[in-house]
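The two complexes that follow have subunit A in common; it is paired with subunit B in the first and with subunit C in the second.
== the complex of A and B ==
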């Protein structure tokens, strides 16, 4: 419950941003929230279940392409198109998960990378449908209670989605299923011996992280009024994986902050240098060497303080998992 | 004929052979375990004892042979399905969830028993049924004082007890214990023996054990494995005086 309160509190604080930021910075923060949310969802897969993927941008991009194509090629209402985008990603994740979860570690990493490259290749080559390298421009934003074509208006939509999805992730992570993900990462032999279908748990983590990526992929497409092959690239997958590592496995908030921060850093640096991949690599090395527990390890473990504080309280009493 | 014979046993293993490449880890092993008995598996290192447990619990596919739990042929079931037939096991090498608390370790098993392991919409600590199964398990074993501790804070002896507690939270009718006292001090061994002897009488317990005092203390029946073959079966008292067993095993130690 504590984590949910923090999410709502942080959301309220962020709601003042339109009053203090310029248009440019507000746009940058909107995207930062989107990538932070993407990384938070990925934490369920990479942090909780320890399934490091280099292909999850595929689900971000597929949802964006699905939405953009539905609107621009088929004239479908943007809200319905958004649903189609998410369903497309979700459907592909459901189809691919049973295959992907059969392998582990490096093989899983490469198979997800290969999968991502297939989607990227498809978007790049199928020029007549996807626009190829040019992507799909002029994707209209949906109508809403307030004007979404206005930067502030779109920021608030994004903030609401981020708060809502983060709350869902937070509750999910503390549930029986969330704890079973931690069990799978700890010992899948033990988990099977206790009666858990380990493959299906791994598949669930994969699909849930894909759905979260899909929601943010749609938001990102609406924000940019554009979707391009970059949204399917392995570089984006790597950036998100790095966000989870730098943020701290399984803390949820750490990957969120790191995912947001990395996006801001990337945007600021890209004006002056083309060396983003090098910066990413350096950041990775620095974080692994100097901060192996990630950002979240800087906060003297919330877990321990939690146990300490709640001695005598009924529910959190035995928890190292409850936050 | 096979069917009627099986109904008399909590567990029966027929004609079991396991081959790892060129190595025959188990060869034509037959074992029957009466319900509610304390059954010991004895044998030197590398005899195939753990492999036998791995086959019973479904982690190793046998080259040949079948496994029955009560009346059911479970030979083809994956490990997680065998839990539904009443099987639980511990591991020779402790495989607890190091980052979780003691209660959460047991909760992982209790959730399956409560039927709420699929719940994703509320915090696991609010699951009253599962939490109470887990707590009463800890309580029954006198381990309640450890509930809030993280597993990596526990002494090794406590971890071995927790290993058994977690398996018991699966509410098994047949419990497999793989060397539960290995590496423990005399006092810790006593604690494990006390825990095992105080378990409900209708629970069938099959225990691999190296310590001869422990195995003769706890078990009513024994099978002796040697080089993948079951060289003797019978009541503990008879095995103790069996010449062949003395030769290959008791003589060695």
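== the complex of A and C ==
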């Protein structure tokens, strides 16, 4: 329950942002929340089961495209269109996951990358339907109790969705199924010997992460009133993978913070230079070489040091095994 | 009919180029279980170095050894500097080399700019030849022939030479090879460097056909990855067959269904990998 309390607490703190930020920064933070949430969902797959995917932007983008196409091409109500978008991504994930999780490691990486490129290729080349490189502009936002066309209004909708989805992820992660994901990561031979169906656990993680990505993909499309091929690109998948790594596998909050931070950093850098890929690359190298545990590994280390200091030498001697 | 011959030749050209990139990637992976995602960037680096040398000297044939040297040095430095991480967990390798790929990509952009460029084919090959009823650029035929010659040459090296036997021994059973007194780390450094050098060469060889431009590195990497897993990691003959297959499927997909070109390339790949995760010729599970 501790994690759920922290999520709600953090949500309440973030609710003051519209009172202290300018329009520009509020927009940036709205997007940061979206990408943070995306990374948090991906942590269930990458962090909990250690399946390195380079194609999860596909589910983010598919949902966005599904929603935008339903509204602009078929004149469907935005709320229903949002449902269609999430169902589209979810449906594709349900069909693809059982096949993808049959392979592991490098083959899994290649398959997810190839799958992502298929969706990206369709969006780029099928110009007559998807708008090609131009994407789909002027996607209207849905009507709500309050005005969503107002930056503050949209921020609060985003915040509510993020809190709700994060709570679901958190509860799911500490459920029996969520815990068994960690078992799959630790040793799948042992897990199958214990009677768990390892492949179905992996598929579940894959689908849940895809659904989370889908929800945020829809939200992102509404925020930008636009969806483009960038939302399906493997660079976005790579950025999300990095968020999980920098944040720390399996901590959930780490990837959220890193995902948000990376988006803010990216937006600020893209505005001024062409050096974003360089920074992304350096972050990869630095985090792998110097911080293999990610941001979240720093917290126990700091905590441990404080304990050592207060309890003296004895604790330091016995406390080291938790390192 | 003419169109088919033309497309088949185009597919073989593409496949030949892929073979040079994928061979290094696959053997390095087979040997040390290291997946080098910066291989595509090394390919592009070779292309740009070759371009610079060709511009300075006017010689295409000088550009090739220069690119091989530069790419080889880059490969040597990578495996030297990051050897600990590269030998560590698979996950970290992937992330590290992906990071390097981004860094190289952006450095290339900073040094040579983003405008797509090309290296003209060497004069002696800048003509067209009639083959099977179609007129086809001589340079592209040269590439196909070169890939077959290199394929056969590499096969002999791999299967018949003493050095090849040592590399194969290391691929099959690293511990046993070490026990037999083979210096695995030196074999590894050599193969890694050679793989990078061959990728750099491919960058120059491919330039008259594909050009050199930012973004090509990731396209080529993706195709080479596909070749490697379809052919079976660590298998040279697998890489050869899969290169030609991928080259042909890619070319025909683009020609016949331009709107669905990625779909036509990757759907068969996904199916092959699901049915046969080891790849066509593979013996090592690519995990």
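Just so it is clear, the second predicted complex is superposed on the first by the 300 of 323 C-alpha atoms of A that agree within 3 Å, B and C clash if a C-alpha of one lies under 4 Å from a C-alpha of the other, contacts with A are read in each partner's own complex, and residues count from 1 in each chain.
The definition used in the following text is that a residue touches a chain if its C-beta (ideal position, glycine included) is under 8 Å from a C-beta of that chain, and two chains touch if they have at least 3 such contacts.
Just so it is clear, the model here is predicted, and its values are computed rather than measured.
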Now for A:283: first (subunit B), second (subunit C), both, or neither, which partner does it touch? second
Please determine whether it is subunit B or subunit C that touches the greater number of subunit A residues. C
First (subunit B), second (subunit C), both or neither touched by A:172: first
If you stack the two complexes on chain A, which partner ends up touching A:113: first (subunit B), second (subunit C), both, or neither? second
After the superposition on A, what does A:26 contact: first (subunit B), second (subunit C), both or neither? neither
For subunit A, which residues lie in the overlap of the subunit B contacts and the subunit C contacts? none
Can you check the complex and tell me which residues of subunit B touch subunit A? 57-59, 78-80, 83-84, 88-89, 91, 95-104, 107-109, 111-112, 116-127, 130, 147-148, 150, 166-167, 170
Interfacial residue positions of subunit A with respect to subunit B in the complex: 1, 171-172, 174-180, 182-183, 186-187, 189-198, 307, 311, 315-322
Subunit C-facing residues of subunit A, complex: 50, 52, 99-100, 102-107, 109-111, 113-115, 117-118, 120-122, 125-127, 234, 238, 241-242, 245, 274-278, 280-285, 287-289, 292
Which residues of subunit C touch subunit A in their complex? 29, 35, 82, 85, 90-92, 94-96, 98-107, 109-110, 218, 222, 225-226, 229, 233, 258-263, 266-267, 269-270, 273-274, 277, 285-287
